[in-house]
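Letters A, B, C and D mark the chains as written, and numbering starts fresh at 1 in each.
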């Protein structure tokens, strides 16, 4: 029986011409693209964090939302929140959801209370998952909101905070395992620094490397089949965050022997904050073999903080999915909306509008990406551009058969004097624009 | 015999109260700091590139300078340029200089002409070094200005450009070796992309990795004792440059097995463009063991392109040297002014003013950094902050003796519930301000 | 008779399904939108500057293009350039073109030569306009490239540069008048500063205000019917440019009594550099009544300099035209492509691809904007949101009939205690996405 | 009798060699500079807002501070907060303080309760001012934190919010008047927009203009002698804030006839967010005659949000005071620390460290600025650079005696062909560095 919080119970696909604000115009789960259902391509997840735990505050003002599950400080209201959360998941038809421990349970006075509260909620989630068929994309531990984490979790100068964090991660991995979660995520919001004056980078790197190794060891021990995912972000709340971007995390993983064990959860807004396009981060991760999952929430290009808005630009989203499809698609990962409605969007209906719009944008982006791939022009142009590298001399250079001296001789003998060839950027952009 | 280009022949130390614009007020080469002469700490180098090859142009206007060595297209003028360049090095008393091949020789019609031109200039440099005592900090190849490099050098889709680049690097390494250069630098200005639509990141990474391996192999073959240095920059001229920042280059080196062979040449302006402070890049490099040398030229904080200005802010410069001193100082590296006077600074005197000011700022920064280290407060505060990690349980966690489960047991048994401790940032900043 | 420079002579509309890279898929000049032909809405112009004067250089490399009109230093080649330029205008069917004096004539040794060269080219342009029907959207003077302008034109500390600039503007206004130009543009690339240390802001403001007043006086004297347009840009090449953005130029105009005489030429890329969206700049200008014309070339969101790329994002372009249509459309203004193909796009075909893609994107944006307006939902929502201001008390407050004290009494008497209402941002974004 | 909250009761000047962390090393109130006491130059103020109302939260975490005046929801604790606040003012010896209504009084259920609470606190402040001699630099109304202001205060689409805001401003102006405040400030944190889709710029401009006119009218009516100050900020919390920067506010004032009635309260951090240096904003304001007061808190150059840190860089601060001194110094304005200690700086001592360090940095900056002015080199160089404008022809051009045609004749007759002169930027920077 519905709580009646949302104005409609179920969002359905009505096609592009629908003007019903509570219908999908593009997201049609059963539509087949490149031989697979759209739902299976996109693997949408709704996030507890922004839709249910955030209360509309910002650095200059407090709560603007008025929800029946406020204040979020006791188990009864946590249960009511869960009821309404699953109503949202069901209304939208997102096959997955995601959560931090602190999103779903009241904060306890100590570790034992936190654990007990979390486990009580997991009992409820197990039942709700069974009833609704909604699955868990990933779980994670919030190791940044409570004051004890103000100087970091695994990178805290106080080893007791490291211990508290490790124990908390274990309980969240256990919860994720119990709920059949398909991934486990680590976002290190305060694993970084405010000032180098009080920071020992080497020590903190060693601590963070040890923690992630323990996570991987525990994953194997309990037989968790999902992926361990690190979520890069360059800064905010920290002045500098160690998991800066995809390339930086790759270096960290390699340094600690984890490049084959851990993948990335990439977020569009975090890419922007790091000075990258989202497609750059995705393409970088796929080229390094470490793409895991995505958070499909954009940043405002004129704002220097994380705005976590629902996606709204088909051409950008299409290029993101283009690189994902070229990588073989999302495997255990999904498309999570780590997005929040604006703090002026205070109605329950706004939560629906945000997700409906976001899902439709992703559907359009995915369809465009699939069409680009089926068309094949881009792939052919790319292959042509590098075709020279298939030549004999080229392969010798690439495979290590030639030294600098050998190459100098070749250049002198052949008077190699290459002429520039057009990069054809505008033409290729026009090809893309046939599909977006 | 002087060409008379510069208004004064020799800049001398006159002390802080001097109002002579052609004197040092702080750079006193023989002053002893932490047991070493200031000159040996700073290891200043003057760059040919900005002071002699750049003509004052920018994207919206052409040459503003009028130099006796223009146009830079024949050997006679290249020799005249060398005469005046060494007059600058001598006037300033910078013990080192640096150059790209294209800075010092006219552009030839093909590889053979370039090589011949370069070698003719190296003959002259050898003699001038002997006459003046000025030494070569590093040499490098300009693989970005000529049109053939427009789509990259080692990462070009055309293997002939790779070959041309490899051969050119070899000639520049040979030149550096002949001149007793203490390092060899690679800056990949066009090793990156303008658009992902025409770019295969994986292929280009393999090409770039192979090139750098060949460089290292050749270094060992010829017995070059200096360091191989990669210079990070996030973008410009490329939309994205692969050697984005220190952490990204670390990942690249590790991926290609080069983390013990190659170090970094860090530039303040490039750090800023990558969203970092200079001290961040230096501290990151030292924590990873890959700091090599620095380009001490700042970026304007309000400009989104590389302004390459002389350093001008003692507090910032002091923190840079603080991290360098904590790393044991510059070894084969130095303090290079990869800086250019503004395009409105068209007089010969302006070249002196820029360098004099920059050298004095560095001298003040170094003195402050040495004083901070001698004072010891910062180091003590840092040690205190992490002291808890010396404890028994902490070491077990760090050394891998504890698993997540062990730690959970410890947390539960001891009811670990850490209280936050002040990070003391403002106090530490005040300590620094006693010295800068 | 064609020079044969371009691979095709005429780009035609073939509809959305065309895969011909040399056809329009969306730009159909005769299509009627909101009762007006698409061509008359968009009023496209091709810019001489980037397509014919720029040679592919950037701060780190020189010319990459190889054009039959290079080097651009004599009248014969200037005439050949004009031939090919008008072939481009004709092939694309852009009804307008734009130029700086320095784009079209060789640089003379002094003012008299510049004037003679310009007038000789204007003779040719007059004939070509008559032959082809192509018209002049605007002319302008390049007062930033030659070395004499390095410290500004009207704001130069040297009054002789002010004089040279004023005289040059007069010749360019005369040329624009002769050619039937519909606007005259001023972009102050070096009207700003590199350092405040050598700059007197008050003096330079007075100089710039006097110059613009002289321009307006001369316009009226010669009976020029077009608009005088100032083009805002925040920086580059200057560290700070006085015509920072729309709001700043408004203040300047108001200060010098010109707010009813001068309008703005807004550029998307300049908006981005100033920290604004393009729609912000357009909406600001329309709300202040000073929108004149647009340069429809985007900046890269990750690059901190002006990239001047062809537009490529329909959702963004649609919102730009939405605000233009709400302002009654472009009047004497137009849609100018102040855009350049990438420096790797070295083929003549690339010049076509860039413009074709840009024109199609604008056509799609315009169609979407017209559809949003015809739909009416956005306008209705906006009217509803502010409807309370039609009330009696509200009008008294707005019209100045109430003082703070009167309002306090009203608030206390009525216990005014307003409740927040949803801003509905996500819903409104979804409405827009039905059309873009 | 002290509450004992702070570890020391009084911070004294001990001179540059002091290592006492609770002493001034540079701020010596009685030191004479340019004929005036340092205290009268700097006119320091401590802000209630960041030091007493902010609890250490950020967008990713809650309260970290633990203060005896928490929770801030009743009058008894508000009184305790006032006791400790005045202990801080007294300990530091800042002659002034500043406050928002919401900083000092508990939030009431409606306007009447807010007013009553405010007035009760004003009674206390009156007494404390009398006891301590501390004065009020400015008061202001917080019209952005409570949910009713989420869509703006004067620019709200709901006229009832405008009314509530107007009435609140009146009570805050009354409080400021009673307390002898020397200025009244308006910062429009939510006077802007989140999306243009739901915003009517013209309507909101009219509303905001009317409000500011009412404020000025009321000021004159009650005989308030202080200045009305608007505080520019480009964004945050709003995506766009109307009072973007100094130049934008100037245009707004001019549009609404207020340019002689209202001045600016400039903040270093806000300047940075707007893409400007602090000295730019100050020099712009002084050149327009609208500098009022300053908030001396810096932003981190790598963070895209307002970090509100204590000033920490003497060279930057010196240039700020240089422009202020050239404008005749702060008149009714002051140097307010709208700065907050980092959220990890949780001890009472940290509040002292932040202010002590900030005051010492300002003292050093002021001394350097005064020395630059006394030296006179910069002023002389500036005068020399523009000296040509004193010439006869130059004055005719500037004064409007010449038209474009007259100038053309002059240029042709004299063959005016100006040669560029060096801008001497590096030399001038070196001059400054003799003093900072």
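FYI, a contact is a pair of C-beta atoms (placed from the backbone, for glycine too) under 8 Å apart; a residue touches a chain by one contact, two chains touch by 3 or more.
Keep in mind the model is a prediction, meaning the values are calculated, not measured.
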| item | value |
| --- | --- |
| Contact-richer chain pair (by C-beta pairs counted) among A-C and A-B | A-B |
| Counterpart interface for B-C, drawn from A-D, B-D or C-D and sharing over half of its contact pairs | A-D |
| Between subunit A and subunit C, centroid-to-centroid distance (C-alpha), Å | 38 |
| Subunit A-subunit B separation of Cα centroids, rounded to whole Å | 35 |
| Shared-contact residues (touching 2 or more other chains) in subunit A | 64, 147, 150-151, 194-195, 235, 240, 275-276, 302, 342, 344, 346, 420-421, 423-425, 429 |
| Of subunit C, residues touching subunit D in the complex | 110-112, 147-148, 150-151, 156-164, 166-167, 169-171, 173, 194-203, 205-207, 210, 213-215, 217-218, 221, 234-235, 240, 244-245, 247-248, 250-252, 254-255, 274-276, 279-280, 283-284, 287-288, 319, 323, 378, 381-382, 385-386, 388-389, 391, 393-394, 397-398, 400, 402-405, 407-408, 410-412, 415-421, 423-425, 428-429, 432 |
| Parts of subunit C lying in touch with subunit B, wherever the complex brings them together | 56-64, 144-147, 149-151, 189-190, 194-195, 235-237, 239-240, 273, 300, 302-307, 342-344, 346 |
| Touching residues on subunit B, where the partner in the complex is subunit D | 19, 21, 25, 64, 272, 275-277, 301-302, 310, 312-316, 341-342, 344-347, 349-350, 353-354, 356-357, 360-361, 420-427, 429-430, 433-434, 436 |
